[in-house]
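Below, chain A partners chain B and then partners chain C, in two separate complexes.
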Partner chain A sequence: MIQVNNVDFAYKKGRLIFENLTMKFEPGSIYGLLGKNGSGKTSLMKLISGLRYPKTGNISIDGIDSVGRSPEYLSKYFLIPEEFDFPSITIESFVKLYSPFYTEFEFSQFEHYLSEFEVAQNSIITKLSLGQKKKFLLAFGLSCNTEVMLMDEPTNGLDIPSKVQFRKILAGLADTNKAFIISTHQIKDIEEIVDHISIIHHGQLRFSSAIDGIIENLVFSEKQEHNESEILYEEKHFGSTRIVGKNIDNQYTTVDLELLFNAVLVNDKKIKEIFDKNKIENHVTV
Partner chain B sequence: MSQFNINRFWLTLKKDIAENIKVVINTILISLLIVLVFIIIEVVNSPDSIIDLNKSFRIYYFVILVILGTVFAGFSFPAFRKTEKAISYLTLPSSTIEKYLSYLLLSSFGFFILFTLMFLLFDYVVIFVFNLYKPEYIQSYFTFDSKIFPTIISVYFNLNALFLLGAVVFKKSPHFKTSLFVLSVFLIIFLTLSISIYFVNNYSLDLGKSNMFHKSDHLLIPFDNTFPSVVIKHLLQYGLVLFFWFVAYLKLKEKEI
Partner chain C sequence: MNFNSKKPIYLQITDYFLNSIISKKYNIGDRILSVRDLAIQLGVNPNTVMRAYTYLQDKNIIFNKRGIGYFISENARENAIDIKYKEFTNDELPEVFDTMKILGISFADLKKLYKKHKTKKSKTHENK
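Our next item is the complex of A and B:
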């Protein structure tokens, strides 16, 4: 389990990115970490991966602190960064050199993912296109079988068939005892696979809930179906008005992440009240 | 899981060798080719009787060892020149000490051994060919001058350690920034000393005329072969090397991207 405890973090003195941030990520879930550009998603990824250290507070995976980047800590996760660079060697050589660092690495799994993504194993990595490189890194990262997978904008650079493939692979891993944290602003790409949503805004965790909790507490529908008093957020959408409302009569609607995201940015306090009232577990907010 | 594991260290070293060895060997080969050109020019332009290739080879060995050694040390941790590379380097599951020792071995000791072996082989081939075609002016094979060799080693390791530290500390242009830093430090020390001596003794320091650096009988610390003298001498020669290595390790440990 990843535990972020009372973390303050700033790149420059006096300009805090996170203030007293507390959150946790449990195994067996796929977390969607949402936020606008510059909201702190990548900074949180860097903090969890130990590339940056918190000014105060601490971050741990299974009780091991991120500070110091111990091999024990580093072997708990695999990070797919938004931008990456590889040595000028073949995929085969890369696997030979890098996979022994990950004791749970499965070569057959790697071969399977590579063929799913249609990447040739004898390619020189630096000669692959950006999308191909990303697919190779995803295949390698997933085959490392670390407890935690950190993915920063994993679908950036992927073509449509590869995005479908990516969702399919991840959906197949959803029940395993691993935590996947996907940071993205491309909400549509992860809508069908995530089972937990965390929204970061201005360096603060504004919303965090399992998809089940969202369905139980909120409804996503057209405006005419709802009474004004229950509406938490509304926005015009191609002639109609879509709303996020309080679920008072146990309707179960499909979660519209884009609508939820905008609703949280506008009305997070009211949403928090609803969740608190219904005592939904795992809900953390400011 | 301990901070140092021999298997993990070996994996780290193997990875670093695989990623850097081509550049190192190619650069050494290019520098040896340049030496060959100089040697040919020397042979062609000198009257046969005064050619002493062994002396020339010793100078080339020293110059290239120090220059290339410094350059390679400054290129250590190449991942830090680019954020994307640094991310995958720092998140690789091996400890800071394993990552650090791997580059220390490669850029300091590994380069020294590889370069020396390649140079000896190069010398052997060149002298062999020369002696074959000019048997009347037999040249001897490369030998280390036992008087000067310890000094060469000391200069090599001091510069190497300093630029290794620069490679960890500076993201862009580590060679330039390290050189600038060293020059600034020397300038400050020189100016401070000059001003202090001037005001205290009303005496201006003239390094050119000072005997301090020229004659052993005027040295501030007279070295002999007693145990304390030997220890002090080695501390002066290698103390800074150890200091730079230690600081480089600490800087690597606290490195953030």
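Our next item is the complex of A and C:
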């Protein structure tokens, strides 16, 4: 489990990116981490991976603190950054050099992903296109089978078939003892594969829930169909108004992540109240 | 399967099974894909498939043989029809009635439209 405890963070003398941020990521889930540009998604990835240290507070994976970047800590996760530099060597040499750091690395798995992504193993990495580099890195990272997989905009640069392939690979890897964290703006690319949504805004965790919980608590629909439900947020589209409402009569609708995101930015307190209230009520009935 | 309807994905998955059972694509005792295999095939989260399977188990549509897999239950077809019948009468039909009212369509009109639909269908069948 990743535990982020009361973290303050800023780059040098800049403004605070995070102020007293507390959140956790548990194994068994694929997290979608959403936030506007500059909200701190990438900073959070850097903090969890120990590339940056918190000013105050601490971050740990399975109880091991990120500070110190112990080999044990570093072998627990793999980070797919949004931007990357590679040495000018072949994929084969790269794998020989870097795979020994990951005890669960499976070469056959790596070969399989690489062929599914249609990237040749004898390619020199720096000569690949951006999309192909991304595919190689995803294939390598996912074959390391680390407990924690951090992915910053993993679908950027991927072509359409590869995005589908990516989701299928994740579906096959999802496991009760692994946590996947996907930070992205490409909501459509991940909405079917994530089972938990976390939204950060202005340095704070504004929303965090399993998809199941969102379905139980909220409805996403056209306005005219939901006069009775308590409307939390609405958005005018051509010819219709889409709403996020409180789910009062067990209406299960598909989660519209874009709408949810906008609703949280506008009305996160009200949404939190609904989730908290239901939690209490559920406890009483249990 | 296309995920664009308003139902959550897990209910779209259960719909797929209910419809396949009603149309006899799946029959009693048939083994269905494992949670993981269906998740991979659809590119969706395995927990979503698990939720669909739990729902189908609760409704006696499928059952789980521990360590072997999921199978179509004995009364699956009756139960599936029952669920879809309720859904049709509770959700879809009222919408049709509302639209009829708005557009001023009478039951006599509806009957005519139904007959037209039937002859069209039997014609396309002949052509096949």
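Just so we're on the same page, the second predicted complex is superposed on the first by the 272 of 286 C-alpha atoms of A that agree within 3 Å, B and C clash if a C-alpha of one lies under 4 Å from a C-alpha of the other, contacts with A are read in each partner's own complex, and residues count from 1 in each chain.
Here is the rule we use: a contact is a pair of C-beta atoms (placed from the backbone, for glycine too) under 8 Å apart; a residue touches a chain by one contact, two chains touch by 3 or more.
Values in this document were obtained by computation on a predicted structure and should not be read as measured data.
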Chain A as common anchor, with chain B and chain C clashing or fitting: fit
Partner chain(s) touched by A:L265 [first = chain B, second = chain C, both, neither]: neither
Touched partner set for A:M23, first chain B, second chain C, both or neither: neither
Which of chain B and chain C A:L142 touches, first, second, both or neither: neither
Winner by number of chain A residues touched, once chain B and chain C are compared: B
Contacts of A:V164 with chain B and chain C, given as first, second, both or neither: second
Partner chain in contact with A:R52 - chain B first, chain C second, else both or neither: first
Contacts of A:I193 with chain B and chain C, given as first, second, both or neither: second
Angle at chain A between chain B and chain C, C-alpha centres, nearest 10 degrees: 150
Superposition-derived minimum Cα distance between chain C and chain B (Å): 28
In the complex, chain C residues that touch chain A: 3, 5-9, 11-12, 36, 39-48, 51
Of chain B, residues touching chain A in the complex: 1, 3, 5, 8, 11, 14-15, 18-19, 82-85, 87-88, 90-96, 98, 253, 256-257
In the complex, chain A residues that touch chain C: 28-30, 164, 167-168, 171-172, 174, 192-195, 211-212, 215, 220-221, 252-255
List of chain A residues in touch with chain B within their complex: 46, 49-53, 68-72, 74-75, 77-79, 81, 83-87, 89, 93, 97-98, 100-102
